[in-house]
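Labels for the chains are A, B, C, D and E, by order of writing; each one numbers its residues from 1.
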Amino acid sequence: MPELPSAPITLEGSSVLHQMYRFDWEAWKQRSNEEKREVEEEVVSLLAKWEKGTGDSAKNQSAVFSLIGHKGDLLFLHFNDSFSGLNQIELELAQTRLNAFLIPQHSYLSVVELGLYESSAKTYAALAEKGLTQGSPEWDAGVQELVQRQSSAMAQRLFPSIPAAKYICFYPMDRRRGEARNWYTETMAERQRMMHEHGMIGRRYAGSVRQIITGSIGFDDWEWGVDLFAEDPLVFKKLIYEMRFDEVSAVYALFGQFFIGIRLQTGDLALWLRGKLTSSNSI
Amino acid sequence: MPELPSAPITLEGSSVLHQMYRFDWEAWKQRSNEEKREVEEEVVSLLAKWEKGTGDSAKNQSAVFSLIGHKGDLLFLHFNDSFSGLNQIELELAQTRLNAFLIPQHSYLSVVELGLYESSAKTYAALAEKGLTQGSPEWDAGVQELVQRQSSAMAQRLFPSIPAAKYICFYPMDRRRGEARNWYTETMAERQRMMHEHGMIGRRYAGSVRQIITGSIGFDDWEWGVDLFAEDPLVFKKLIYEMRFDEVSAVYALFGQFFIGIRLQTGDLALWLRGKLTSSNSI
Amino acid sequence: MPELPSAPITLEGSSVLHQMYRFDWEAWKQRSNEEKREVEEEVVSLLAKWEKGTGDSAKNQSAVFSLIGHKGDLLFLHFNDSFSGLNQIELELAQTRLNAFLIPQHSYLSVVELGLYESSAKTYAALAEKGLTQGSPEWDAGVQELVQRQSSAMAQRLFPSIPAAKYICFYPMDRRRGEARNWYTETMAERQRMMHEHGMIGRRYAGSVRQIITGSIGFDDWEWGVDLFAEDPLVFKKLIYEMRFDEVSAVYALFGQFFIGIRLQTGDLALWLRGKLTSSNSI
Amino acid sequence: MPELPSAPITLEGSSVLHQMYRFDWEAWKQRSNEEKREVEEEVVSLLAKWEKGTGDSAKNQSAVFSLIGHKGDLLFLHFNDSFSGLNQIELELAQTRLNAFLIPQHSYLSVVELGLYESSAKTYAALAEKGLTQGSPEWDAGVQELVQRQSSAMAQRLFPSIPAAKYICFYPMDRRRGEARNWYTETMAERQRMMHEHGMIGRRYAGSVRQIITGSIGFDDWEWGVDLFAEDPLVFKKLIYEMRFDEVSAVYALFGQFFIGIRLQTGDLALWLRGKLTSSNSI
Amino acid sequence: MPELPSAPITLEGSSVLHQMYRFDWEAWKQRSNEEKREVEEEVVSLLAKWEKGTGDSAKNQSAVFSLIGHKGDLLFLHFNDSFSGLNQIELELAQTRLNAFLIPQHSYLSVVELGLYESSAKTYAALAEKGLTQGSPEWDAGVQELVQRQSSAMAQRLFPSIPAAKYICFYPMDRRRGEARNWYTETMAERQRMMHEHGMIGRRYAGSVRQIITGSIGFDDWEWGVDLFAEDPLVFKKLIYEMRFDEVSAVYALFGQFFIGIRLQTGDLALWLRGKLTSSNSI
């Protein structure tokens, strides 16, 4: 029997850019109240435009978060239908007067990704049973058929709205490629089994946390980015701690920096610029 | 017999933010004495407010420490009842005139955590004996019952006052997930045994050092933060050196940067701004 | 039988320099429109000169890309017939008025490289069969004969034009020299086999992505640089993800930072300086 | 027989702070000669005060070194009887006019440490033979008795004068806690044996180099700091190279950054500020 | 038979400092032509002085290189008869007006080193055959006799002139001290064998590249620095790539950053400051 492919089939959706900035409060304070109001109006209207998205598909959205700690003060999160769209947003933000107070600290470029471990295994087996060879036109057509069917079925998850939850948790991660333990030399069946167990835990948290996985192989310095959205940030810790004992995480997951932010609605950004997280300040 | 959970049950308390800053002495020196006094009064009154805490619970407190070495000059330590509360404090500090002299160097976001290794093992065993399955509503109710009972019993330790000791030692740490030695693939019983031995050492130092463990999985770049408080800083060295030979530390502990600070009482910060650690200067 | 050489024969072509810069938008905004136009004209004419290349060979070319994310805003990519030529270009760019807005972030120095795994094995075997000893004048002559023949045959690939595709993906990489898994202690035959399988995947993507491999052993901090050019950036992810399961990548590849850019034609740079990625803005 | 403690008994002496600074020569040049002389006088008198030390014990001393290379231009080395004393010195230095030209690059906080491997083994064995249990009051009294006796006997080494040699070499180090080779899981007897062999080499260099070991577990980012003092810097290389083949160094030592400095006597600092290492300039 | 020493005997020669700087072109452009000429004259005359060297021995020399890439623009390479001499040169450079445009990026401190693997083995064996013990006065005298004889014989290589080649390649390196593969626990005979094979490759490149090895154990953050000098930079890649398959490099070598520079003759530096690499510009 011919060897089956090792890489699972993935579906890709929105292009995603995370931008983390420090805010230069001392420069900001030196501006007149009138100037501050103008800057606020400019950025709030730009955000409103981005948040609504453009075009029919509403694939283009942006959101702002107030970050906790020295790794940044503001996180701009953009979902777009292309990388060039994301780059144009960067250029637009750079042209604003707000940009004078934004000191770039970090960013992350990725695309929404759904890994089809179970469908891939079935599809590869079915194609191989038909006597098709990997890489042949018929094989590729069989894979494409799956991709298109699933992409339609999962359009909502591929081009998601940015969840409205109060808190965001973002972190990048890799699968380990160690000398002794190497995700990429495990068999497809083993990886599928481990990913399935991993997913079972996530499912138990479905009611309290929304998760968006983005792939960044070839795009940024880690293989995946993970965004979690929840009303209660403790859920981030509970979920990730429980998962850390999973075989796939315990043995094969390597983590980058963690960023925690609080969602700023369009109006809240103007408040934030006055040093208040929310209008009620009832936090 | 069904497999028992791998993750111990944890209790969570206060949200905690460490902020490490360099102080821009040269900018400070250029201000008039009158301006310096105004800045001092503003920050001392803000600190007094934070130190008292707000609301009934007195869960909200802050303290300031003079750091030794180039990693920072001032450490602001905040205990709060929420992450948004911590973020609001950051915004308030940014609005002060003192902020013009504070250069962010580092920070750490975490929550007070108590790991219930022994209770977890007993509870899991008891629930499993009743024939309950992990993740079932009855199982979860059994776990919740433990969490609530213990949270009440340990409220003092979950929402602690910031100890009044002269010295603080802060460092973050991970449990090793190496290719050959991996904490997260050890059995619950083994981890419980090692944590118990570890705790025995800590107990011998109970009279001379106060320890507050905070969890930061999902919140910051290490898994835990450790704060030690003592009148004599040598105790930090003695304790950590002795523990380093523990199995759990020797084999499974990875350490980040260490920060050593000296507590500044509210009035002492004004002195500090004049270059004196204490009024008596009798150090 | 005498031991054969371990290193494959490589052919070298163009000298290549990647320059990654942040752009200081705030300083730029402070210039008058007239000054901006002058800067634009200066740099566009310099780029046009570089893009055309100089001399008969047209070996000297340059291209500019708009980078996504905080790792840089502009990427200047230079192909030249010598390292001193690249250094002269650096000096020329430094003399422009644009240079006042360019903040160096990263760079990469390398030469186009073709690794002749298959020819090397054959040539080494043939020379050894003739009874020649490695390092003898006759042996060296035999190798040189291959190098010259292949260099002529592959001149197009050794001194390539910069592909005109919309997107670029650049990253440096090493072959692992671990304690247990070490590329450089594998036999030539094993390395040849793994490189062959690796190449098979690349071939399947030949229609949608152009790849230029540059060698940087002795020149920069990684062993190779990889440039991929495509109209659709998703292809970068698909290609690299599929390759990651290859034995040579799964076990032996270590990756540096990834940079994603969008090609700016000469005229587009002037637009970019006004905050627009393309004239149509139809992205 | 009960298990004996794993940690050797250590004696602690002076608190030590290394401060590494770059010197801002361009800012310095802009000052008038009169102002420079004033700054020189201020710092020379401060240094003279620190060098003399304060109080009866003469435990408090400071010295200045001219550093070679980009890691710093000046090293201030302070020995003090407490961490708060060191922090007060930092604050005093920050108040000087010299501080305007000092750019912090690095620092290291530690205490003079003597590890009593041989006495520890004997004492533990003797206490165990008496049937005492580790951690019991009688056991602790037995250990304390040793500590006090040895501290008196070794007071000179615990509170040393800063050696007057021309050159200093400072570096921090760790004992390896690897997955396969781990200092902290070796037996006391094995560690004692290796430390003894290590010490034999040091003894052969006793005539040409003075060594001060400081412990920094719990205080700074490495476990120990090593200061070497010699008239001929080649001795640093000879000593450390020979030791690198020792079992304890070859297998278990991890090294941080190395700093090389040249002692500036009080008067020499004023010369240094005029760009001369020594008055004779006969170097 | 008594154990022989593990460390080979080394000879040491010139003290060497590499200084890597970025050049602040924008600040430079703001100076008047007259001022620029004065700065040029000052530095060219200083370089001429350094290049000639001082004293009888002509051990003191300096050279300047134009660096390629963001890691630096200028490399100052100094050979001197002492570390204090190098530090004095640093101070002299800092006093020049050129210093205002030099932004320190990196440096490296080391001494020219010749490792006498073969002589060491023979000498150790001969001394042991005479019944002498390592560390005894007779043993040390025997070693010293070798050192002095060889130092005289190799004076040219210990105090070399800076080669006049067009290109320089500098990088630091370590010998691996891994948990499984450790250079420092290999036997002297094994190390001697591997170093011998390593040297054989170098010998084949002797006509096209000059190599100067400097030792930096105890002086800087890596164990050795390597300087290669060649007319054709491709030779650096060929040599290092071929060596990478050597046992000693493949298994035991760890490399730091690579720096590539182009020699600027004294007059060329003045041209360089006008943005030209050479007067002919025929590169």
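Heads up, the rule we're going with is that a contact is a pair of C-beta atoms (placed from the backbone, for glycine too) under 8 Å apart; a residue touches a chain by one contact, two chains touch by 3 or more.
Just so we're clear, the structure is a prediction, and the values are computed from it rather than from any experiment.
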Cα-superposition angle relating the copies subunit D and subunit A, to nearest 5°: 145
Chain centre separation in whole Å, for subunit D relative to subunit B (CA means): 29
Rounded Å distance, subunit C centre to subunit D centre (Cα mean): 47
Sites on subunit B at which at least two other chains make contact: 179-180
Ring topology as an ordered chain list, initiated at subunit D and continued via subunit E: D, E, C, A, B
List of subunit D residues in touch with subunit B within their complex: 5-7, 10, 12, 17, 19-20, 82-88, 90-92, 94-95, 99-100, 104-109, 111, 135, 177, 179-180, 182, 184-185, 215-221
Of subunit A, residues touching subunit B in the complex: 22-23, 25-26, 66, 68-71, 166-167, 169, 171, 176, 178-181, 204, 228, 233-234, 236-237, 239-242, 244-245, 247, 249-251, 253, 257-258, 260, 262, 272, 275-278, 281, 283
